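Working notes, beginning with the structure itself.
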Amino acid sequence: MELDLFVSGIGGQGVQLIGKTIALAALREDRHVMFSGEFGGHMRGGSSVVTVVIGPDPVRALPNLPSAGTAIAMSHSFWEKVGPRLRPGSLILAEETIADALPDTEGHILVRVPALALGTRAGNRLSASMAMMGAFSELTGAIGLQSLEEAMTEQLPPYRKQHAGTNASAIALGAEHIRAEGLSGRHPAPYLAESIPA
Amino acid sequence: MTEMRLLDGSEAIVEAALLAGARFFAGYPMAPATELLEHMAAKLPRVDGVCINADSELQAVNMALGAAQVGARAATGSCGQGLALMQEAIAEAALNETPLVIFNIARNQQDYFQATRGGGWGDYRTVTFAPKDLHEAVEHTHLAFHVADKYRVPVIFMADNLIARTQMGTALPVPELETLPPKDWALDGTMGGTGASRWIWTFGGGKANRPGVGPDGYWRQIADKFDRIAKAEARHEQGFCDDAECVVVAFGSGGKFVEHVVRELRAEGHKIGFFRPVTLWPFPSEALEAATENASNILVFELNAGQMIDDVRLAVEGRDRIKPIGGISFDDSGLNIGPLMDARVIRTRILDQLAGKPLTELPYTGMGAYL
Amino acid sequence: MRAIDTSLPPQRPATKTAEFKPSLLLKEDHHLCAGCGEPVAIRLILEVIEELELTQNNVCILGHGCYGSFIMLMDVDSTLCLHGRAPAVATGMKRMRPGVAIWTLQGDGDMTSEGLAEIMQTAARGEDVTCFMLNNGVFGDTGGQMTASSVIGQRTKNTIEGRDAGYHGNPIQLAEILSQMPGAGYVARGSVHNAASINATRKMIRKAFQRPMDGHGLALMEILTMCPTGWFVPPGEGAEYMMESLGKVYGLGELKDAGAASDDDSDD
Amino acid sequence: MTARTEDKAPARAVTRGTVVIDIDRCKGCELCIPACPPQVLTMSTEGNSLGYLYPILEPGCTGCTACLQVCPDFVFEIYRYDDPIDETTATEETIR
């Protein structure tokens, strides 16, 4: 089964980066992936939504997902574009301080992640997106931390190479946070569940 | 497994074109086809190819025509509005037998008539591939160049912004295609003074020492060729049609969405099937006729005011069975596919039709609704 | 005065010094009007192609005009393209066959009216192609209507009182404009109204082929050609009429030769 | 002969070359007449098979090819004699 993921937030928060990095990391693990950004608010400050689909076989999902079972909320702004499209029982990773007021999360699994704080600890408030990915990886096992770090490095343009270390630290801190909460692998990606004999 | 790369449709199409042997592209930027041009500009020089940033669509298509006439695999591309400017040259390529690939990264699905009826002069048709997603776009890119060379015709490749901008992991597979004869007709410049110099000309006049068949005979030959293509090259995909009481017809991305919805409805017990013309011309008329033989409802989903539905009407008996469930649907920018291309909306419309209810109108999504 | 029988070759010992037609012309017959200058220009071009040994290394792109019918007569690889688009077609060809002499044959209507953007932008890109403009100041093929290069006062079928600058606009002096462009390496204007001018034009045509082949960019070779039919004058008066009208606006000679310094083509 | 030739200078004393004229393909444009440096071409008074007047050669041709150069219909072919003909002593038999 495919993992379908919405990432939503405000343009400039690294929403597109999260989606692309997760997709590239999955590709590194020989998964089939689809990634698309939703257009209309790509400028900084506007809405930003991406969808990522990961599966063991060629992706059959539609390019604009009618629904998804996983979401990462980097902000509660613009959540209305994503929230109503989540299937009952979806997993939501929400930034603790700036996505703290998501409406209508009843019936979903809400995991709060202090991504901004973790990013700041890693050395750059902007690497909150990285911490969030680390948390996502540890929580779902959808992608390995190493693939995530490699995908992050692969994507950095030459003029941003200096951020690689900070980003890697933030990814690690995000994962560590989930471990500390005792949630490692608590919500496995659907395709992982399939490979585990019942 | 060959290593996969995460590419958007534009880049995947360009990579596939290079693998297919394309070595010339000329284009003029226009959303959402601009990225195709940018990737061509970046990548063609790496394989000793040439990409020219032409100063108009007219020049772009004629440059590609010239490159093709000397034997190169050549292409141009734009969106539907740009293709409108290219129509004269596309007709010319059809009538003077120049193999040419024209990529249309369409803004929506309103280019159906333009692609299948053409806007140029003469008795010609343009083979049109309409991929449903990136994977098929890669395959169709190879097919487009192949069919163009095989029959010496212009071929339109019609994708859309969803395909162009969605990124997918792809290993860029190269389909196995028959080997084509060398292009002994190409104007390579070597036959001057031999008494056997070559010509490419829409009037079929030939040379003084080897007169051609003349316009009448020549254009009959061309028309005959399009007849042969019509019989040989129609492609389609269908599912669950055998016992379907309702068949939904859609092309391109729309076909993918309809397939998705039909699979859902099948799983819920509805006797419903889907039919997707893979080539818009030749239109798979016979296959559609067979697929809809027992259907009491034939629903046509396309994002325009009703274009492909004409071909559906020509293909099947019983017009009262055919009903449109698509319509015009753009986003606020006017450049991209709008809210009708949504599985939930399509599902509702199909169910409404089956229940004999009028189409559910989409909510107002005018300027600013999404900003 | 004694008339000489010219129906057969001479009986006395003699050497044939010139054939009826250039060898790259498949046939002498054509349907162009009496006194037309275009066949003369085409003869020169074909002779130069042979002289420069480009016979089996050239492609011709013809535009739309009376000269277009020569696609059937010229024994060179050739295509007849859409009106005005020849330089764009030439671009695609040259980029894919850089070693081949690619040349266009266009009229003033084809080049300055319908295809002005094509020639200008092909020159701007500095494509190494040769573009011939047979300039007679009218659309001859359609019967003598005004083109962008018709001169002020010129009577055509749709400027029946003569071209008026205020009403019809001014002619485009394309060669002069192109000579200002860095991508155009050779720009010249010749004429076929008399034998001296024909010889001078032949020399310019040589350079018009050589310069692009040497990488100096686009060559524009404009040739003034008579169109007595389109000018409504008797064929025998075409040459004189041309130099009194077009000739006064379009001066003959080389306007630009970027390859002059490297010229080993001494006047032969 | 036409009135035009009456005004011409007398024929040259020497004929160095000659031409073959395919008169039935001539369209009678007359461009060759003024083009001829020794002025030995004149127009016929009767039409060819198409009805056009055509050029007639008089003694004094130099074989220069000017007529051929200007001719749009490719009706001229040019010869140069190995030995020039002295027109002052030429007889009908020696002419061609």
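Labels for the chains are A, B, C and D, by order of writing; each one numbers its residues from 1.
The working rule: a residue touches a chain if its C-beta (ideal position, glycine included) is under 8 Å from a C-beta of that chain, and two chains touch if they have at least 3 such contacts.
These numbers come from a predicted model, not from an experiment.
Counting C-beta pairs in contact across A-B and across C-D shows that the higher total falls to C-D. Each chain gets one centre point, the mean of its Cα atoms, and the points for subunit A and subunit B are 36 Å apart.
Computed from the mean C-alpha positions, the centre of subunit C lies at a distance of 28 Å from the centre of subunit D.
Centre-to-centre spacing of subunit A and subunit D amounts to 93 Å, using the average Cα coordinate of each chain. Chain geometry summary: the mean Cα position of subunit B and that of subunit D are 64 Å apart.
Under the contact definition stated at the top, not a single residue of subunit D touches 2 or more other chains.
Subunit B has no residue in contact with two or more other chains. Judged by the touch criterion defined above, the protein chains link up one after another in an open path, with no loop closing it. Contact between chains, per the stated criterion, is found for A-B, B-C, C-D.
Of all the residues in subunit B, the ones that touch subunit A in their complex are 1, 4-6, 133, 135, 162-163, 165-169, 253, 256-257, 260, 331-333, 336, 341-344, 370-371. Across the complex, subunit C is touched by residues 23-24, 26, 50, 52, 54-56, 58-60, 62-72, 74, 88-89, 92, 96, 187-195, 197-203, 205-209, 211 of subunit B. Those residues of subunit C lying in contact with subunit B across their complex are 23-24, 26-27, 49-50, 54-59, 61, 71-82, 85, 88-93, 95-97, 100-102, 117-118, 121, 125. Of all residues in subunit D, only 1, 5, 11, 17-23, 25, 27-31, 33-35, 37, 42, 52, 56-59, 61, 63, 65-66, 68-83, 85, 94-96 touch subunit C in the complex they form.
Note for the complex: subunit C touches subunit D at residues 1-21, 25, 28-30, 32-40, 43, 192, 194-195, 198-199, 228, 235-236, 238-239.
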